[in-house]
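Below: the structure, in structure tokens.
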Amino acid sequence: MASTGAGKVTDLSAYRAVLASRMRAQASYRASFALDLGSSLLVGVVELAEIAVLYTSVHGIGGLDLAAILLVFGLADLSFSLADMAFGHCDDLPTLIRAGTIDVFYLRPQPLLAQLVTSDISLRRIARGGVGLVVLVIALAINDVPWSPAAVLLLVLALLSGLVTFGSLFVTAAGCQFFLVNGAEMTNAFVYGGRYGATQPASVWGRPLVVLFGFFFPMAFTAYLPVVTLLGLPGLDGLPTWLGWCAPVAALWAVVLAALAWRVGVRHYQGAGG
Amino acid sequence: MLVSARAPILLRLVAAGVRQQTAYPLAALAGLVANVTFGFLKVAVLLATVEAAGGELNGYDAGTMSAYIWISQGLLGSVNLFGRTEIAERIKSGDVVVDFLRPLDVHAAAVATDVGRSLWALLPRGVPSVVIGAVVVGMAVPTSVAGFLLGAVSMVLGIVVSCTTVYLVAATGFWLVETRGVQILYMVVSGFLAGLFVPIGLFPTPLFAVASATPFPSMMMYPVDVLSGRVAGWDAVGLVAAQAGWLVVTAALGQQMTRRGRHKLEVQGG
Amino acid sequence: MSSVSMDGPIIETHGLRRTFTVRDGLRRRTVVAVEGLDLRIEPGEAVGYIGANGAGKSTTIKMLTGILVPTAGEVRTCGLRPVPDRRRLARHVGVVFGQRSQLWWDLPTEESFELLAAIHRLSPDDARSRRSELVERLELDEFLTTPVRQLSLGQRMRAEVAAALLHRPRLVILDEPTIGLDVLSKQRLREFLVTERHEHGTTLLLTTHDMGDVERLCDRVVLVDRGSVAFEGTLAGLSRTVGADRVLTVDLAEPVPDLGTVATLPGVRHQGHEGHGLRHRFAFDAEQTTVVALLAALSAHAEVRDLAIEEPDVEDVVRRVYAARR
């Protein structure tokens, strides 16, 4: 009964069917969707304003001037918004657990995590990603970027790694939420705290923050370190400037962390011991 | 029992709001962890900003900036910057007609329950966050007893203004089928203008004027300024007076909207 | 590596045990939900899995479907180990939870079926024919284009059943399927399940508080008490073990106040009369005295115009079993 040959291909079509129907459903409530797009845009603009207020009141913070921080903000916000669009609904896991609807996922022949991730997509977050993209383009124009194939490669690597890193962060949070059903807000500390940290110059952090958001949750690698490498700025104390090239390594670590958290979380939910 | 059975009904609603919150200790801990993590990130960037400005920026030095960060983080559990309330759901769904049948002012009852919930949140979320900040980073405090007292008054006023303002969002549900737009707008604007991530004292003049013309700084920025001693003396009294003014305005508006909303339900049957 | 078995039992458990650790203030306590459960269900059977709230029914279902890992013991569903083989097992099992929906609440009902067909990798032809079969049998056509959140409870349950059966599972587990339904909806659903079983040989496992479900649908009941099997057999057998009798009510042509002599038959008790002796009630144990014998004895005294036989109230039977075990 179970087909084997074309298995993988048809499996993907199941995910595609669910995602396509989610997108249609969102777009069909036009007024509501427009409102969501607008508010998502506004969130992006307000976050930009907060950064702008700080960096226009002084000349440079943590070794970055306004132009450089815009580059950091643009990179981080674009990759975070895209990750949020694809993975953000993982934050609803506590609701699914409380309502028991997570059990329904167990009754379908796909991996749980794949089902959770593809169970929704928040198209509205594209507006916030748009803010990130516009800021990124402007920042690339106003900064003194030493353009070369290597510079382009570095930017692309940073964006992709950032996307993977932030996506992994959402999955890590979901894994923890199996334990924290009524205290799910705790994971906001590293998901949304991490996003906030990713738009900062990591050079202003004390040692504990560098350990936490520089390496354990590798936020500094999503934007700040690649920008430092790209613009040839002094980066973190005592660490080489080329560290920004390690963004893919950081992303890989984030994936490992997410896989571990998810595995432990699911085992806890099934009661097989942590 | 926190309040005896003979206490005025509104005080008992405040107590009920407190009890609802004590049922979720893990949620309180989770909120604290998130608040404190954000607090340290704010400390890093804002103290670096003060340092870059030469140790003083628009009246903020390291001590008052740290006080701003930890007090505002501590108030986060008590000041509603999301715009979501229980009463909003009841108004939207029409369940509020049941509330109108009770011999109780619907507006005052909703605000009282909310105030109770918010005051309670000061214990598990407010106090620890300020203590952690004071111990790990250090912060400025008022230099006189009067300053402390005024700070306490300002904080309570801020919490009440937050509850009366967010009620207005809920009350739009009497007329709007979908209040989510209003709620989202409130959420995006309130945090920014209340001075959540950047103190409004650092805003450029036009933006500062916009913020001052809204009730949002009364919820968080003014209590923080008074409690940290950044604003003292008659200036501090002025901020508290502004809060009182916003309280009167938002409460009166809430009364008015509730009365008209009720009238509309009675005439049109929801 | 276990394989999908087509001829072995559909469900087989040995010494199945599941405990939960609950926090009681600062102390931790272990609660036993299922204790040494031995179950064996053959293909094509219809089994009622009954017991009070907290007797361990939901926990058992979760272990059978791979949602929960057993603390100890063995479990095979369709010949597979539910947890490691969960994804393969999902192709052979359909579950209806009365309390939790597997439909997409904001989409038209038919779109949920399309998504589930994709999820279970049904071929377009197969999906179409199965869907139209279910739509017809469960009378879904009137609300196929209605978003799920706007369905009535009865409509939603029918849609849930269709969703669980779309991929032609060999085993269908129904957890409180008729809870909250009106009489007509219950009846429709039961009729559908009888037909489905008859035509496709589907195995049914049903947990319910509604004994009408058990009476109409199941040929065997398993009664659980505190996580282990308290009784296994037919519903009639269950009634007998606790001495719950059937009741015969007769309407007579003429009032006869005293029919006490009939009650001297073995296992027969006279429960009383109404209307000055026009209507009489007798409780009897069908093993000792048949209805025919009882009626024959009655007609010796009076002319019987009408009669009704009531099965024992099974809620009452369950209570008696529990009471006897305490």
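Per-chain numbering from 1; labels A, B and C assigned in written order.
Here is the rule we go by: contacts are C-beta pairs under 8 Å (C-beta built on N, C-alpha and C of every residue); 3 or more make two chains touch, one makes a residue touch a chain.
For each chain, UniProt lists the protein as follows: C = ATP-binding cassette domain-containing protein.
None of these values were measured; they are calculated from a predicted model.
Asks: Please give the groups of chains connected via touching, computed with chain A left out.
Replies: B | C
Asks: Averaging the CA atoms per chain, pick out the one whose centre lands closest to the mean of every protein CA shown.
Replies: Central chain: A.
Asks: Counting only C-alpha atoms to place each centre, which chain is farthest from chain C?
Replies: Computed centres place B farthest from chain C.
Asks: Using the touch rule from the top, work out which pair, A-B or A-C, shares more C-beta pairs.
Replies: Greater number of contacting C-beta pairs: A-B.
Asks: For chain B versus chain C, what separation do you get between their C-alpha means, in angstrom?
Replies: Here chain B and chain C have centroids separated by 53 Å.
Asks: In whole angstrom, how far does the Cα centroid of chain A sit from the Cα centroid of chain B?
Replies: 30
Asks: Per the centroid of Cα atoms for each chain, what is the distance between chain A and chain C, given in Å?
Replies: Distance between chain centres: 47 Å.
Asks: Quick one: which bits of chain C touch chain A in the complex? Just the residue numbers, please.
Replies: Touching chain A from chain C are residues 4, 18, 20, 62, 65-69, 71, 83, 86-88, 90-95, 97, 99-102, 104, 106-107, 111, 114-115, 118-121.
Asks: Within the complex, which stretch of chain A touches chain B?
Replies: Spelled out, the residues of chain A in touch with chain B are 32, 35-36, 39, 42-43, 46, 49-50, 53-54, 56-62, 180, 182-186, 188-190, 192-193, 196-197, 200-201, 204-206, 208-209, 213.
Asks: What does chain A use to touch chain C in their complex?
Replies: 1-3, 7, 10-11, 13-14, 16-18, 21, 25, 99-101, 103-104, 106-111, 267, 270-272
Asks: In the complex of these two chains, what residues of chain B are touching chain A?
Replies: Residues of chain B touching chain A: 24, 26-27, 29-31, 33-34, 36-38, 40-41, 44-49, 52-53, 57-58, 178, 180-181, 184-185, 187-189, 191-192, 197-198, 202-204, 207.
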